Amino acid sequence: MATLELRGIKKHYGSIHAVNGVDVVVAEGEFLAILGPSGCGKTTLMRMIAGLEMPSEGEILIGGEPVTHLPPRARNISMVFQSYALYPNMTVTKNIAFPLKTRGMPQAERDAKVAWAVGIMGIGHLLHRRPARLSGGEKQKVALARALVRNPALFIFDEPLSSLDAQVRTMARGELRQLHDRTGVTTVYVTHDQLEALGMGDRIAIMQHGRVHQLGTPQELYDDPADTFVAAFLGAPPMNMLERDGRIVGFRAEYLLPSASPAVAHDDALSLHMHISQLEFLGAEWLVYGEIENGAAPQKLLAKVPPAVAATLHVGERRQFTVARSRLRYFDPTTGLRVRDERG
Amino acid sequence: MMPALRRLGFLLGLLLFTLFAVFPIVWMVITAFKQDADLYDAANNPFVYNLPPTLKHVIFLFTGTNYPVFLWNSLFIGILVVIITLLLAVPAAYSLSRLAGHWGERSGIAIFLVYLIPPTLLFIPLYQIVTFLRAANTVWALVLVYPTITVPFCTWLLLGFFKSLPRELEEAALIDGCSRWQAFVRVALPLSLPGIATCIVFAFALSLSDYIYATVFVSSTASHTVSAGVPTELIRGDIYYWQSLMAAAAIVTIPLAVAYGLLFDRLVKGFQSDSAGGEATP
Amino acid sequence: MNGAETTARVGLGDRDRLLGWLMLAPSLLYIAALVGLPFFLAIALSMTSATVGDPSIHGFVGLGNFVQVLHESAFPLALRNSVIVTLGTLILTLVLATAESELLVRDFRGKRLLQILLILPWAMPVSLAAIDWLWLLDSEFSPVDWLLRHIHLLGPGSPLGPANHLYYYGKEWLGLGAIVAINVWRLLPFATIIVLAGRTSIARDIFEQAQVDGAGFFRTLFSITLPALLPILMVASMFTALLVFGDMAVTALTTRGGPGYATQVLPYWAYLKGIDGGALSEGAAVALFMFPVLLAGAILALRMAYRAESQGDRP
Amino acid sequence: MMKSAMKRYLFRGGICVLAMLLTTAAAAADLQPAPVHFSSKYGSMSFPASFPAGTTLTITQWSHFVPRYDKWFDQYAQEWGKHNNVKVTVQHINLGDLVPTLAASIAAGKGSTLIETISTPASFIEGLQDLADVNHAAEQAFGKQDAVCTSQSYLPLKKAWYGYCHGWVPDPGDYRISLWKAAGYPNGPRSYADLYAGGVKIFQKTGIPVGVGMSPELDSEFYARSLIWSYGGSVFDKCGNVALDSPQVVKAVEFQTKLFKDAETPEVFSWNPASNNQAFVSGQASYIQNSISFYRTAQQANAKNAADTGFSPGLKGPGGEVHQTSHVWFIYVLPKYVTDHEQTLAAKKFLLDLTANYSWATRESELYNFPAFPKTVPQLWAHNGWLDHDASSVPTDKLEVLRNAVEWTAWPGYPGFANPAASEVYNTHLLSTMMAQAALGKKTPAQAVKDTAAQVASIVAKWKAKGYIGCPAK
């Protein structure tokens, strides 16, 4: 277990800046999720942490020691690849034992370690199979066991759940987090799936265009997005955003509710007359698709309402909706950055 | 659909291709056991033994000529060439596919350019080089020059093969404690065995088939290969020892064909990794 | 814990660039020494008046040898024949290899045995293959002639008659045809393997889609299979062309370039002039004429291959 | 020319008389070659009785057409080595590989000590040592060398002996007795007119063609020259200038074109050196020009055929001239890369010793090898000797026709000496190609001759520039 520090990391390929100045400190035992759309630089960043690529600028420290120029094997990290990268020519046992073997660990000790990792992952029945004969979930467990087996200073996960079925994925999320809690190994988890990031990460770093837009706990990111990108990227559905008085006003769909009485309009709430175009059943909630007049063009908004409320709504009608002022977030329309301490 | 007609066409096609491939070899085998008087009588049906077949010419091949020596030389040279080829081509292909950056991945074309220089153009200056290295007129001359034919071919083949291996496997190995070299040896190499098997077959076949180098660089009977030695020993100016020539060809060909034939699917796989030799796999 | 691990020695094996060069260097040096150097020596040689008796590179004559060689009546024929033999072999080989791969892509009983039989020609060293065919198409004892006579296609009063023999190697077009046949024969297994590699890696669902769309065998072949095979066909043609264009064994052991120069090819003519005739520099000049032809052919084929491939990549 | 031939004839007669005087009734016993003997002195050259330890000698030569010769030679070479304390290695290669091997060896500056070529090595002259000493010593010891040999190993312009010719092979006409008898030529064709008339008759009657080739190979090259010379033309003049473009040569080419059309099949374009024998032995040719090696093979494989084989001298041209190319010359060369003194000396001694024991070479080659120095094999010429009493032939005097072969034998370069251009013209098959182009109708005979003459001229010009062609200053 160790801390991870990234200081001013940059990576260019010719004129392309894949990573453009990233500073992050990951605490010991912390689970950091790096979230971003594809091409945002998160994979490159992760590969630099792993040592698979050299940063063009900046420094990487693991456990306080600079490792920027060390090859991967000298960094004591474990990594689970998106494809799991299990060695196809080795059995499950050999795959798991491989990292120990390369370090020249004696056989007996190795066997004990493998047995321990196998026990944790509950894959005792797979030991003599080759990767080709494993299901996706099994492969993932083997890859985890291989990562686990040698008590690394740092875990790196590269979208390890993306090749799993939707059902298995939710389960796996829980297991992965539990595993982290059990071992307490500092973890960097790269994903483009916000559910994974929100669900597992102690903190999330949201990246785009090679930069970290915001770094914080899931709650912070959700409630207080640092800019319009984060606001629009995080959450399902994303934050509603309106242009008002030269600023962008954002609010989450679940805070946009039909007004109890049409007349009510007070200072503490923003009220909007919305034309309901569609209602969508989500199970626990309903999603309301609406449009409001906003200057020249109509603007689409989304509201998430409980079933009881939804029952009162009808497609085609115009209703008044309100958002509590405290739920509004303001952004600068040119920079997209959050504008703080605003009232009215 | 007309499955019956299609099946007939299929079988007919197979039959024709097999006949085309096998007919000259059947003729060869028939000839090998013919007596002179039978062979040189134009009125005879050439496909049957008008006089009893004889082993005389096959025996002559093994007792009256240096054919066994040629066989041994070809085998010896072939094996050494395969080893040298792999030692040179495997690391080179890996380097080009993984380590040499972007231009390395596109070097398939450059490797092809080496082929554009046929042995017919090179053998005179090459001979001077071979002699400078004191290898002339020995099997070592051929061991030395045959890789000029096999290395580019095998590098090209393996380049495609390595490119088709998932990078993550080696990266996983790097993270699991390997150096780049170890990742190559312990992970990439075992996975490229099908490609290497193909290389072995092709390198051996190419070295066996060469005629011009074998003819010019080696004149001593003791160092001749099958390819050059058989025509030399069994065409004696005024006389072609047809039966022995045919036997010599059949004896070297048939066992190899069995070996290659059993590896047929492997050879196909060896080419499967890549097509044009330069495009990076996504 | 971490400290102990990070002290792992960082060596040569970790430095990708350097390691890359080290792994490449033996091949590069080898090729430079044994292909590059002789190639430039050959060029130097072609511009001198060197003979086999005195092969040292001196007596610079510039392009004189090339001019001399161009003026000989054998040159246009040798160039023509080299191109004819190469193209003829190429086209036939590709067509047959494509057809053969269509057959071999299926599974059937006895496939193993058939693979052995079909690969036979390729297992034979080229010189022995040429001798086999020399005997097969012998002017007196050819069994092919005998068969033709027996089905009354050859002999007095028959379509191919009146002679009892076709004298393959003694006639211009039959001779060239025979050389093409030998080359096709010996290279077909090799080409089939390459084409088959391409054929089996075409995704199965494309064929299923075609079947669903009601395409017949030939429709599928021409609209689906062949376009998908194009890149690998280019590779197969490169190999075939290079193997045929540079080969002299087949010609040397069968027609010997005759009758006249009617079946002469560049490599054998270079050999004949340079070695047998002793005019080393002129031989080198003839051999060098092959280079631009090969280069042009290779560039063309590779361009087509890349174009086909990059188009194929697009969804 | 005529005079010297006569002299030789008389001289040979002398030998015969001598042999008859020496032999009594039991002549056969003395027809045995003398036991192998080695001398340490030949003419002006003397050699050590035994060479210093470590002296080596490697010899590369062809696989002889008569396999018995190789067996004998290898044994002889070892015996010679033992006697002279020299480690001798002999390599036999295909005749087609001789020139490339010599070329490669010279190019590399390394190879066998002695390489035996079977046609003139004149084009390699720049890479060969001068063997004047050996040739002079041989003449002193064994008498005059036949011109057919001298012409292929000596270049007067440079006064250079670039080779040592120890033997040669006559190239008689070989005809199928039964066929020619039936056609009205019991003694076979004696002129090219006979060849055409009889050949056409036989072809029409039996479908069996005449077997003179026009393929890029040596037998066809020989035939083309024989035809041209007998028609009074030549390729070169005495000094090595081009003389090909003459009416006589055009006539000869016209003759061949006609002969092909009326009495030959296209197989003659595809022949290799073995083909005419194969066709003749299998009964598919009525007449060929070839040395007797095929006959020796046939005697064992197909005695009936061998008995039906007749030999005739070279054919007369329209003017009555007869010239036939010698079939093979045995010429050892000592390349310049051989620098070791002992080795050089050993090589030279080997050459002279071989000549001294040449009756063995002639006999073991089954009379294939004719001696360059006729005196060395008296048994050949003796009355009731090897030629007129060949026990294996029926009748036994079948080979008698070879006795005077030297008189109708010419050589590349004739009437001058072989020179590098003659050698290059011969090795690149220009004349058989010329014949083929005319016979195929690709060119008129006149055009074919003209084009070929131009090609020969450029080769001559090249060698002239290097100073290897021209008339020696008187």
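A, B, C and D are the chain letters, set down in written order, and residue numbers restart from 1 in every chain.
Note that a contact is a pair of C-beta atoms (placed from the backbone, for glycine too) under 8 Å apart; a residue touches a chain by one contact, two chains touch by 3 or more.
Since the structure is predicted, the reported quantities are computational estimates derived from the model, not experimental observations.
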item	value
Chain whose Cα centroid lies at the greatest distance from that of chain D	A
Highest-count interface - the chain pair sharing the most C-beta contacts	B-C
Inter-centroid spacing, chain C versus chain B (mean Cα positions, whole Å)	14
Inter-centroid spacing, chain D versus chain B (mean Cα positions, whole Å)	40
Centroid spacing, where centroids are CA-atom means, of chain A and chain B in whole angstrom	55
Junction residues of chain B - those touching two or more other chains	40, 42, 124, 128, 177, 179-180, 182, 216, 231, 235, 240
Multi-partner residues of chain D (each touching 2 or more other chains)	100, 107, 272, 278, 282, 284
Sequence positions of chain A contacting 2 or more other chains	71, 73
Contact footprint of chain D on chain C as seen in their complex	49, 51-55, 68, 71-73, 139-141, 163-165, 167-172, 175, 254-262, 272-273, 275-280
Chain B-facing residues of chain A, complex	50-52, 71-73, 77-79, 81-83, 85-89, 98-99, 102-103, 146
Parts of chain B lying in touch with chain D, wherever the complex brings them together	36-37, 40-42, 124, 127-128, 130-131, 136-137, 215-217, 219-221, 231-233, 235-240
List of chain B residues in touch with chain C within their complex	6, 10, 13-14, 17-18, 20-22, 24-25, 27-28, 31, 39-40, 42, 45-47, 87-89, 91-92, 94-96, 98-101, 104, 109, 112-122, 124-126, 128-129, 144-145, 147-148, 151-152, 155, 177, 179-182, 205, 208-212, 216, 226-228, 230-231, 235, 240, 242, 245-246, 248-249, 252-254, 256-258, 260-262, 264-265, 267-272, 275-279
Touching residues on chain D, where the partner in the complex is chain C	99-100, 102-103, 106-107, 123-128, 207, 214-217, 265-272, 275, 278-279, 282, 284, 420, 423-424, 427-429, 432-433, 436-437, 439-440, 442, 451, 455, 458-459, 462, 465-466
